[in-house]
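For reference, the structures are reproduced in the following blocks.
Both complexes below contain chain A, partnered by chain B and then by chain C.
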Partner chain A sequence: MSVAFKSAVDDSVVDELRAIIPDEGRVLPNLSSRVNRTRVPAPFPVHRWAEFMPDVAVLPTSAEEVSEVVKLANRLQIPVVPRAGGTGLSDGAVPLRGGILVDVKLMNEIHEIDLVDRTVTVGPGINMLKLNEELKRHGVFYPDDPASYPCSLVGGRIGTGGWSLIGSRFGHTRDNVISMQVVLPTGEIVEIAEGGGRKLRKSSTGLTLKHLFTGHQGTLGITTEATLDLVPRPEVEFAAFFAFDDYMKAYETTGVLAKSGLATLAGVVLFDEWKIAYLRRDDEAYIPQPASVKAVVAVAMYGSRVEVEPASKRVMQLGRSLGGKYLGDEISAGDWASRHDRYATPLHGRDKDGQAVMMSWHCEDAALNYSVLPQVREEWHAIVARYRERYGIFDDWGMFAYTNGAFKPWADYLVEIDVGIWESRLDDENWAGWVACKREISEVTLKYGGSITACHGATREGDAELVPAEMGSSWEVVKRIKRALDPNNIMNPGKQSLDEAYASGNGSAP
Partner chain B sequence: MSIFRLGDQKPPEPQRVTDVVVTRFEHVFEVDPELMTLTGQQELPAWDTKRIVDSRWDHLDWMHDHFADDVLLAGEESETMPPAERAMPSEEEADPRPVPGDTDGVGWIERPAVDPPDVREP
Partner chain C sequence: MAEHEEKFGLDHGGAPPGGYDPNGDGRLQASFVEQWRTNAYGCFSSGHKFCREVCPVMQVTRNENHTPTAFHANIVAMDKGLVDVADVADDYVHCTQCGACELRCPNTLFTGDFYRHRTRTVDVVKAMRALMVATGNEREHWKLWNERLAERHNEPVLGDVPVSQEHVADWAEGLDIPVGGETILFVDCEAAFYRTSYARAFAQLLQKAGVEFGLMREQWCCGGPAAEMGYVDLARRHADHNVADWRAVGAKRIIAPDPHDYIAFTEDYPRYYGDDYEFEIVLGVELVNDLVTDGRIQLTQAVDRVVTYHDPCRLNKRKGVHAAPRELLRAVPGLTFKDVDHVTQWSYCSGGGGGLPVEKPEITEEISRRRVARAQELEVDTLVSACPWSERPLSAAGAAAAEPLDVVDLFELVARSAGIEVGGHTHAAQEARS
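Right, the complex of A and B next:
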């Protein structure tokens, strides 16, 4: 079977790529290499797989190779899509127009560990778990902790602007990246930081470019090296889970804990009634729980023992202050440990008759203020119920709200509704139904003053088209920046409505 | 030394836990087979179920170790579960695990040697 090139990639381009990367095993136009770099774990239109395949995948090992590949692509106006772990829950790493997929997995070296100025400099292909295994022997820790901790990579975390489970204590990805080396869409290699200085955490010189290059979803360049912050390895962790017979009591307890001011607080998470109902059918910690358990609040803390030990007593007091019941040491410690690795969870849901079916996992995320969580919860579940009834391929896996502010967790939350999707039943009609469902959920978010994504990125149908509405008056600035840095719209084109930056409006370069 | 008896490996008949869940081993839960008509189920011998459960606890311990030197516990049992339901499989109940050099075990993958990164010491 052969699949035609979708972009301007042809045999002569492959030859040029092989001249840049003189290793046949790292320039991969073969079908299996492309098929395997097409989707991410998020629900995917499997019936249209070939439509999203790259034309060729390359595995560079240096910034210079990345630079030359991008220069070639820019010269010939070929799309370039960066890909790290491919673990994203939106479509950041999914090629929408074919082209060259730059897989950074081989750039996985630890270049330097600086225990004096407390930094580690790495390639974008390294995984946080493997990095921390190396750092452990030095008594330091890189505190970026997604639910894909064992499998996602630093480069993808930067591209996505990742959110961390322990961000309330240590910050999120953008807070832990001090500086980086980036290949721009025109191929130049540049150093990006707060101002100058590769290891400086705060500067007021020039423009603060670091944030611009964190969370752009691969639309502004490719990170080829990153200098990351190191924190002392925590002596202890403490987790406590509290059950409630009423959602509102759990909601109020979440607020009390988040506003406690405890400095070692790493996160507070609230599971709603739908989430508990979902866990009660498939999770060993919740199946035996009595029916009175309707909502759960979980707390995690990290730090030195002298801080966490007394703070844990305060958490136990606050967790019970509005009727919460402790779920016990085993569930608290065990369930918390499993939160670092949700990708190991077998995914199955129920059809309308209650039959178990294999489903993929869609987490529709948003950033929302504390005050609107109860109302958004009701509206989101009503939307999913309506689509489940109509299409029969969706399953409501419940919602959670998780403290979202770095270091200051008291007022806004990462909120997710998890929806199971029966992928093997997808066709054009069902896919359109899912996209419409997703769009309705995002519209509720905007109605309540939220952001349509706190964590995953707004890169796929159903929310990408709402990016201009959310950005409002700043959208014009965004488009100017995109156009200035990527004059030919080669860098991950089609994402986040950025095609609007170009005169034709369809993504073609002017 | 334990003796492997094939007859011991047949899982016991399931006991109902809830309207959608059954159990064959203490604290090991399964979707009710009546709800698995659209999704094929694999028949697991008892040893394989035990292996999977043990591996899960290993995995959680390993994950804890990534984030802190020690796990601090409140030191309290569940306030929602009756005492008989509180216990879960513990590390003590598990069989000995393979260790580096234990070639008779299920297999242990040594981490490949890599060049150490440059380290700037204080």
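Right, the complex of A and C next:
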């Protein structure tokens, strides 16, 4: 079978790639390699699969190879899409205009473990769980802990500006990346940090470029090496789950816990009634609670014994202070331990008549302040209910709000509504319905002063067109930066409305 | 567009003009998709990819095409008319059928039982390989291997080891094992021709405990490897022969010391014969452990070694057997046993299964090299395994290491502790002689 190339990739480009990467197995223009580097776990218009295929995939093993590939692409104005784990919940790694897909999974070496200055330097293709297996013997760990901890890769975490389940205690990806090596859209290899030092966590010398290169969704370059923070392995992990018969009591308790000032607090999570109902759909995913349980609040703490043990007593007191009922050690420890696996399974999908159907999982995430959580919750559920009724392929899997501020958990939250989507029923009409649903959700976020994504990225249809509105007066700055670094708009083009940075507005060079 | 495509000569893996199916009607592929569509969507919809970093092949190649996610997504892509079997055939070579991905799948872990849904990557890979064979998309080395199997009826064990029916029981020389009886010992081809010390150790342990057993009149390969490579008819012919041979001597139970045979007899054969399959299948390592626990085998000789244990995938990941081998090791006097728990070992493998060493020996070699390196981190002098298929690549990796590591089979070790002079060889006969 054949699927045509979308960009200017042709035999001569493939030959040039093979000259840069002289290994047959690492330059892959065959159909299967393209098909399998198209989607990510986010809902995908499976009926339009071929539109999102790269034209060729390459698997570099060095920054020099990445650099030469990008220089080639820049010279010929061929799109380049970086891909690490391909586990993102937005479209960062999905090619929108074909081109060369740079898959960094083979760059998974640990280059250096520095136990004196507490850093580890790695390639972007390494997975955090695998990295921590190696670090364990040294008594340290790298605390980036997303739901995709067993499979996502450091490079993707940096590109996405990832969020960690224990970020309130240890920070999120950008807080734990000290410096990195980046291949710019024009092919230069540059060292990016706070200032100049590769292992320094704070500097005032110049522009803090590190943040610019964290969370750009692959639109500004490709990370080829990263120096990460090493944190002492916590002695103690403590988790407590509290049940409530009323959402507002749970909401207030969440606020009380988040504002407690306990330094070992790693996260506070508020699950709403819809999420509890979803988890009740079988008796294994969650130990069923009586129907009176309308919300659950979960707290986790990490640290040394002398800190966590007394603090845990305070947490138990605060968790119960507004009527919360402790769910016991088994649920608390067990549910927290399975935090990566548990909260979205396709088998729990239900159609409008309540019949079980396999659905894929979309998490619409936003960053919102504490004060607006109850109102946003109501409006989001109402939107999903409307689309569910109209299209019959969506299912509301509930919401949670999770402390979002690194080290300062008190006032802002990652808020998610999980929506099941009957992917095999997708057609143009249903897909358009889904995009419209997403857009409405994001519009509510903006109405309440939020940001349309706290961690997944605003690269998808339904989000991307709202990026200029959210960025407001800074959008001009964003466009100037993009244009300056990527004059030919080759780096992951079509994402985040960044085509607006170019005169023609459609991705061609100015 | 088609012109463009033709011009740039996309690699379609040798698909015949007009599609994958020599008959031109796509019936086989369509029926394959029909059979596996639900499983494929189960994975595609989940998309967690937690399977990836435990996959021994993916750990080496880092190629997304070699992931369980791809193995399922390809079927969805087939369903959508995007790819044919020829386009994806090479992906499915990259699997040892170890089963780690199934264990790590959130669908299986949390909701599978409730919905009666199971991630079945191993079966998906086997079925795709069968489709590859049926549609003329065979792999060169597997084809040759199976041609030799059809000719000689025993596995043409890797390399140049001479294999034939006249020599299938040579390993038992001097042990006076009768032919036939109610209990049959089935000796894997790898053990019968290559690591004969494995078979000799096991047989002598049974003899020491007074277990009565016999050999087959004519033992053919179990057929499992052929089935793993997609040669289903050939596999079935071998199963038919073996079952007929068992019945001819009135066998009631079959002892399978080799985990690969155990899989064939407890999964493939029941699928072939349904209710018409009356044999009790006994797993060797559990039997020997019971005999030691019951005091029928006394472990009296100290074995002065520092060992760790390699969980063979087909015991640990495929069958959940991890306790018996550890109990056996702990029963050996003098031994220092540095254990790595069986869940951590979900991501370990020798690379010796699923036909991988036949088609991609360089990947097998690298998987084994890494496994041996992990063992060496524990500062042991011996890596103990319990599967002859793993022991060949692991032994090679152990010998090639900067500081060589001895690889010993569990039965060999236990036999030594029971005071048995095992005999036989751990390598091919000609290698042993040289």
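Points to keep in mind about this one:
Following the convention adopted for this analysis, the second predicted complex is superposed on the first by the 497 of 510 C-alpha atoms of A that agree within 3 Å, B and C clash if a C-alpha of one lies under 4 Å from a C-alpha of the other, contacts with A are read in each partner's own complex, and residues count from 1 in each chain.
One rule holds in what follows: a contact is a pair of C-beta atoms (placed from the backbone, for glycine too) under 8 Å apart; a residue touches a chain by one contact, two chains touch by 3 or more.
Keep in mind the model is a prediction, meaning the values are calculated, not measured.
When the two complexes are overlaid on their common chain A, residue A:Asp341 makes contact with chain B and with chain C alike. In the superposed model, A:Val46 lies in contact with chain C only, and not with chain B. Of the two partner chains placed by superposition, A:Ala382 touches none, neither chain B nor chain C. Shared-chain residue A:Gly328: touches chain B; no touch with chain C.
In the superposed model, A:Ala469 lies in contact with neither chain B nor chain C.
In the superposed model, A:Met358 lies in contact with both chain B and chain C. Once the two complexes are overlaid on the shared chain, A:Val190 sits clear of chain B and of chain C alike. In the superposition on chain A, A:Val306 makes contact with neither chain B nor chain C. When the shared chain is aligned, chain B and chain C each come close enough to touch A:Leu129.
In the superposition on chain A, the residues of chain A touched by chain B in one structure and by chain C in the other are 129, 282, 284, 338, 340-341, 348, 356, 358. In the complex of the two chains, the chain A residues touching chain C come out as 1-5, 9-11, 14, 25, 28-33, 35-37, 39-42, 46-47, 49-50, 59, 85-87, 103, 105-106, 108, 125, 127, 129-130, 148, 150-151, 282-285, 338, 340-342, 345-349, 356, 358-361, 423-424. On the side of chain A, the complex with chain B involves touching residues 109-117, 129, 132-134, 136, 138, 141, 145, 149, 166, 233-238, 240, 243, 280-282, 284, 287-290, 292-293, 302, 305, 308-309, 312, 316, 325-334, 337-338, 340-341, 344, 348, 350-351, 354-358. Chain contact summary for the complex, chain B toward chain A: residues 17-18, 20-21, 27-29, 31, 35-39, 59-61, 63-64, 66-81, 85-86, 88, 117-122.
Note for the complex: chain C touches chain A at residues 1-2, 4-13, 15, 19, 38, 41-42, 44-53, 61-65, 67, 69-70, 73-74, 76-77, 80-84, 87-88, 90-91, 104, 106-107, 109-115, 117.
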